[in-house]
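Per-chain numbering from 1; labels A, B, C and D assigned in written order.
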Amino acid sequence: MTQIIPAEGIFALLWVLIALPAVGAVILLFGGRRTNSWGPYLAVLTVVGSAVIGVLMLLALMDQPAEQRTVVQNVYDWVFVGSFQASFALQLDQLSMVFVLLITIVGALIHIYSLGYMAHDPDRRKFFGYLNLFVAAMLILVLANNYLLLYVGWEGVGLASYLLIGFWQRKPSAAAAAKKAFIINRVGDVGLSLAIMLIFITFGSITFQDVFGQASEASEGTLTAIGLLLLLAAAGKSAQFPLQAWLLDAMEGPTPVSALIHAATMVTAGVYLIVRSNAIYNAAIWAATAVVVVGLITIFMGAIIGSAKDDIKKSLAGSTMSQIGYMVFAAGLGPIGYIFAIFHLLTHGVYKAGLFLGAGSVMHGMNDTVNMRRYGALKGLMVITFITFMAGYLAIIGIPPFAGFWSKDEIIHAAFERNWIIGAATILAAGITGFYMTRMVAMTFFGKARWEDDAHPHESPPVMTIPLIILAIGSTFLGMALLFWGNIETWLEPVTGYESVPTPLPTAFYIAVTLVVVVIGAVIGWVMYARKEVPIEAPRGNVLTRAARQDLYGDAVNNVLVVQPTYRTAEALTTFDTKAVDGFVGGVTSFVGDLAVRLRRSQTGFVRSYALSMVGGVFIIVLALILVRLS
Amino acid sequence: MSAFPWLTTLGVLPLLGSIVVALLPSSKPLLAKQVALAVSFVVLGGTIAMALQFNGSSTEPFQFVESYPWIPALGISYSVGVDGIGLVLVALAATLVPVTILAGWRDIEEDQEAGGSVKGYFALILVLEALMIGVFVATDVFLFYVFFEVMLVPIYFMIGKYGGPQRSYAAVKFLLFSLLGGLFMLAAMVGLYVVSARQLGTGTFDFLTLVNLDIDPNTQKMLFLGFFFAFAIKAPLWPFHTWLPDAAAQGKPGTSVLLIGVLDKVGTFGMIRYLLPIFPAASDFYAPVVIGMALIGIFYGAYIALNAQDMKRLFAYSSMSHFGFITLGIFVFTSSGGTGSVVYMVAHGLSTAALFLTAGFLMSRRRESALISDYGGVNKTAPVLAGFFLFAALSSLALPGLVSFVGEFLVLLGAFERYIWVGALATLGIVITAAYMLRVYQKTMTGPLNPSLDAGGIKMTDLKGREITALVPIAALSIVLGFYPAPLLNVINPAVERTLQFVSVAEVDSSLSSEGSEQ
Amino acid sequence: MNPANYVLLSALLFSIGAIGVLVRRNAIIVFMSVELMLNAANLAFVSFARMNGNLDGQVVAFFVMVVAAAEVVVGLAIIVTIFRTRRSASIDEPNLLKY
Amino acid sequence: MNFTPPSIDYFAISPMIVIFAAAVVSVLVEAFAPRSTRRFLQLLLVFGALITSLVLIILNASTRTLTAGGSVAIDGPALLFQGSIVILAILGVGLMAERSIDPVGDAFASRVSALPGSEEERQFTQRGYLQTEVWPLTLFAVLGMLLFVSANDLLLMFVALEVISLPLYLMTGMARRRRLISQEAALKYFLLGVFASAFFLYGAALVYGYSGSINFSEIAQTISSKPSESIILLIGIGMLMVGPLFKIGAVPFHQWVPDVYQGAPTPVVGFMAATVKIAAFGALLRLLYVAFGGVRWDWEPIIWIVASASMILGSILALVQTDIKRLLGYSWIAQAGFILVGLAAASPAGLQSTKFYVISYGFATVGTFAVVSMVRDSNGEATNLAAWAGLGRKSPIVAAALSIFLLGLAGIPLTSGFVSKFLVFVAAVEAGAAWLVIIGVVASLIAAFFYVRVIVIMFFSKPTEQTAVVAVPSAFTTVALAASVAVTVILGVMPQPVLDLLTNADVFIR
């Protein structure tokens, strides 16, 4: 059993990790124009600072024996109501460690990249403020030691993503995309809130230690419920089916945002959540199965969408969905999968960031065209971008020795250990990946130039290319590094547990099959898009293509199932409110008014009628008196 | 306990202030404002000074108690005191008043023709402050009722004299609704008095005596209805809400802030302070009905807000939805639910203030139009304004890290603990909240600048120093309390626990280990 | 003869008076009907005095006569004024005040 | 049979004697004093008499006696009512004495006998003649009221009733302006009044026939002694009630109220609305509690019905009025209903609430009509509410004062009206008539609507060209107004002293 070590030495700085970017965000956002000049650099510094601390902590953590690598720092008591106690407490263990590094390092690189990419944007101060906000929130998310605090980070990154997707708010499409992202995530949040509540009333606590310590004691039904709720949350954050619709629109945001938030880090929070809660899924087999199914569906949705999009960023977004599908899928496989989910998450974080930044670099040179049909033959003009992009390309399609190969291969392997059908499915998906990535590369860098007339492509400035290079190196070697030098299994094993089941066939066989399928996919892609002429106008395409261009009708479905009904209800209720509820009030008053108008007629002004009513009154009174007596 | 009569002082100060303001010459509007502002700051200072002396761990039901016989013939006494709940609400009032004054600095000049004198408005605000403090600190039911009713008068004039075109309709509607509730409460109060007279020989209105009566359930049920009716109208609960949108839409932003932000809290405050302890059996009996109303309110308000064309009405309906949450938290009879409700009251006060004031600043730049369709792309020319607007929206949709989240989560948790499905259902509300809040932000602030905002002498300028000064404290408070709510929770929770002891149903505790601790 | 009959008679007179008030338009006659009612009451008093065997009732009767006389004075004054203004003694004539 | 003159406690009845003497003298003044000095002398006389009798009443504070052969009861309630009647009379007389509001003099026709609109009338007005017959009439009316509340036998009560009514009939017809409606009001008031007193008288006859006595105490004894299944008694009670109920203006004897309120000279309305109501309730209380206390189970339901009817009908009818005086007339009816709720409780609490209510209502009424008499346009008082638009801006003080009275009548806390309603409701609930309270609640909501409506008109609407002006009154009205405001607020904020006073004076002597 892992034991907690106090937050001393370098670990005392745990809170600083978050504080640095948070302070940066505050300064930039509230500091106003006077910070315009130096603000962005400050932002970069804070993140770099966090990254440095993170690395130091990694080293310190490595010094510790394996079972003593969980640090908890209780910053202060946060929400204490009766038996419900949520501290602002941070927990650093092997799992959060790797996330800290991913976030801070990739974050730092992207900050630097943005210095160039956003150089000419009037609001870049805000941009960097938001980025800092995001890093801070994301660090809270992965460092929280209880679910409620995790929720804070969870929602914080959501906010940052909302702000950054809608960064160019004057574009209505951007504003709409931002709103969509937030609201769909909100659906996921419902899942998270309910999960937290259910966890609390089941375990009487919401800290990870207590919950996982007692997970086995709770009934499987409850655990399944919790698991499914957490899956809902994860699906929202990680754009998994059925809450995938927002991610493609999210590409409205600036490219560095897409790289950092919607490829490398935030969208993987769902995976983190599931892996973090492994104790629950281990005990709730049906929840785990649901995770697998969701992952599998999303793998294919993403891949298909990615194959059909002409917008390079959307195509990448599709592939992100698909890759995260892989991670979720792996996380669903249970102890054999958790580690590789994280492994893939790390490699993907690096190479997908590289790919996005590369795409950004291309757009930068093609004055922000995203339509790949207007690219082509750029390999000569953007050498660095091209090379780094190829590194990412080989990584994602999983060609050895590039990073993606190791992680994805492990997942496929694990899939086969569970069940050969899903294993086959993952291999097929890998093939599709090969297809659409090849398509992307071919359309962008090879073939003939199909540029717009005013386009004169050029390589991006060093401030942008250097991060590309670093990420490219990562895409190339990270897989091996983690696997052989960092031996990630043993590193994560204390947190996630690990079990390996022997597979019927030798590992080499799966690798071979996978590679063959991938290559086939790649070749098809090459033949279709490098050999043949790519029309500038997209051909009508077959049913699947058209569906994929419509994001497989995700929006249409949401519209019919959710949005329209909601607005119709709203209108109906509004009418009801004015007509019925308020109308009732008005009705009563007007009724009394009419009554008054009628009754006042009784006041005829004729003495004799008054006298008559008096006589009547006397009779009534006397009669009443007698009746009362008789009764 | 400090012998100094804190509460009376806090109540009397603004009253004197209002008299001074009213006596100032109409020719010096600026002076009137300055005096009003100064007074409200003094009150705020006093409140803080008092709050610092408040002993959160005291076993006394009330602190800073004062009691003098008023109408002994009827067992009525002037007795005041605060528990945690009262304290935070007093603090809320004392905080929002200066903010409102500051924000409303220029609101009145514009419509002299409407008939309101500048000083009159600010005098009314101070009167209202005195009464609001009074209603939260009264520990004598009769005294509470007096404040409860008299409070209507200043707000009635604030709406009717300083409001929009439909102001007198709105004011009368507001007054009649409130009077209706008030009168039924009066009837119930009379009944309560008679009951106490029958049990104790001499009737009394002293809260602490009344809670110890054992009233037979059927009587409780009748009396409960009287009080509840008043509170439900005040809060407002579905379906007694229709006065609110009109009042909010016609009132000045400042008026709406005080009306919805503080005054309506009297309804929910009354529920937790009076209904639960005095009528435990009836509360238990009616809880399902009330919770039903609360749930309906949550979604009803949210849905209509989703469709609203008028910002002020939108905020009104969203408040209705929030009041649904608050009421829900109170009537699930759980510690977290009750505490959450009170926190939610504070949070909602702050977010309402932020919303209405920002919207007010926005509309003051567009000839007071509240139509959402009249705006668009504001953040282009007024980024700070847009920023605060977004902040207000976020705090209203209970973003984690803001105090409203603490309240909302605790309420939902409390509901979940008691009735798992109610909690689950209510949680769905947070999605719609996000939907309508972001919708109004998107429509007004983003996209291309609405041409009408740059024509006919209209300039969508950014916030000025005064306006920012008014908003910053609210924002700061909601963030600070969001990340460090302990000051609230530590004073509220004991009071809530004490209240819940009266309600028969036991506190539910969780199945496995009932106390969760760090590590 | 049984004084009870006088009571019945008085009741009859009273009713006649009341009906007179209700059906007649002329102020003077209405007024006379009221006087009739008063005197019906007198008759009742007197006959009850006889039945109860004490004088109170008769004393009352005298007082009532005086009061009735006073009423006549006031009443005629008012009626005459109205008559002078409107040239009619109909009580349905003055009908400005209503509703 | 030998006649023993009843012993008379002259000191106990001295307040009435003073008024009576003054009344007689003032008749002589009318007859003999030169026109120029009359007004002065009359005012001297009236105020002198009223104040003297007030002093005497206070000196009598502890007197509890039956005198004049048991036909006059000087007890707590009687003294209390007498005291408040006299005080309110002083204020009311102040209103009547006011002559600086109307440019041509006071509110009364310079010569009532003159034809409206005739040359004759015009000349009288030009010469600035002021008739002063109103003063002796007033004194007689006051005398009647003082008698009415202390009358302890049916005969005296009847006489008192007439002594109240006859002068008022005349005063109603004396308006200087709008004389046609004034005279019409007088005629209606007179005919219906005498009609009502005829019923009262016949009822008295029947009760006498049943009990063999006209003295309340003896009637009460007979009722308690004799097994009282006699129908005569019930009919008698029913008809007896008509007298006071008519004066109170309770449904169904209410229809004269709005007409008289609208037609009569405003100061007179202010005077009688306040005082007559007190007197009538005093009498009704004594009649029902002392004489018929034994059969309260018979009459309580009747009062309940009448009360509910009055509350509801009065409030609803007031909703649609456009003339402020008429509106106040209907509001009187509604208020009467509320007071009857307390009276119906037939308990000490009921008695106390009734007393508190009538008194506080009296002051509010005087104040209200003081304001009404001050709001004027080119042709006299501007009673049409349309002319009140934006009054709150032209003269905030007066408007504020009126608002206080209206809020008081509406029963908003911190005004006397609220305490009154509260006491009444307590009494009703204690007597087990909670349902009556519910009706009362609904009625007060409806009532609140039209009271508030006046405030809305005054404050929330912009002044138009036909908005009336508020005339600057002399000390008379000012004092009356100020006093009413003071009482309305004090009774609302600090009712305890008065409540003590009421508790000391809550026993009817039998």
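Just so we're on the same page, a contact is a pair of C-beta atoms (placed from the backbone, for glycine too) under 8 Å apart; a residue touches a chain by one contact, two chains touch by 3 or more.
Keep in mind that this is a model prediction, so the values were computed, not measured.
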Which one of the chains is farthest from chain D, going by Cα centres?
A
In terms of C-beta pairs in contact, which of B-D and C-D ranks higher?
C-D
Going by C-alpha centres, which chain would you call the most central?
B
Mind checking the centre-to-centre distance between chain B and chain C? Centres are C-alpha means, answer in whole Å.
66
Once you find the CA centre of chain B and the CA centre of chain D, what distance in Å lies between them?
45
Measuring from the mean C-alpha position of chain C to the mean C-alpha position of chain D, what distance in angstrom results?
25
Gap in Å, rounded to a whole number, between the CA centres of chain B and chain A
36
Each of the following residues of chain B touches two or more other chains, namely none
If I count partner chains per residue in chain A, which residues reach a count of at least 2?
600, 603, 605, 607, 611
I need the residues of chain D touching at least two other chains; which ones are they?
187-188, 191, 195, 199, 258-259
If you go through all the chains, which pairs of them touch?
A-B, A-C, A-D, B-D, C-D
In the complex, go through chain C and note every residue touching chain D.
7, 10, 14, 17-18, 21, 27, 30-31, 34, 37-38, 40-41, 44-45, 48-49, 51-54, 56-57, 59-60, 63-64, 67, 70-71, 74-75, 77-79, 81-82, 84-85, 91, 94-98
Once bound in the complex, which stretches of chain A touch chain D?
592-593, 595-597, 599-600, 602-603, 605, 607, 609-611, 613-614, 616-618, 620-622, 624-626, 628-629
Show me the residue ranges of chain D that touch chain C in the complex, using the header's touch definition.
112-113, 115-116, 154-155, 158-159, 162, 166, 169-170, 173, 179-181, 183-188, 190-191, 194-195, 198-199, 201-202, 204-206, 208-209, 212-214, 258-259, 262-263
Which stretch or stretches of chain D touch chain A in the complex?
187-188, 191-192, 195-196, 199, 229, 231, 234-235, 237-239, 241-242, 246, 251-253, 255-256, 258-259, 297-299, 301-302, 305-306, 313, 316-317, 319-320, 446
In their shared complex, chain B is touched by residues of chain D numbered 390, 392-393, 407, 412-414, 418, 421-423, 425-426, 429-430, 434, 437-438, 441, 444-445, 448-449, 452-453, 456, 459-462, 495-496, 499-500, 503
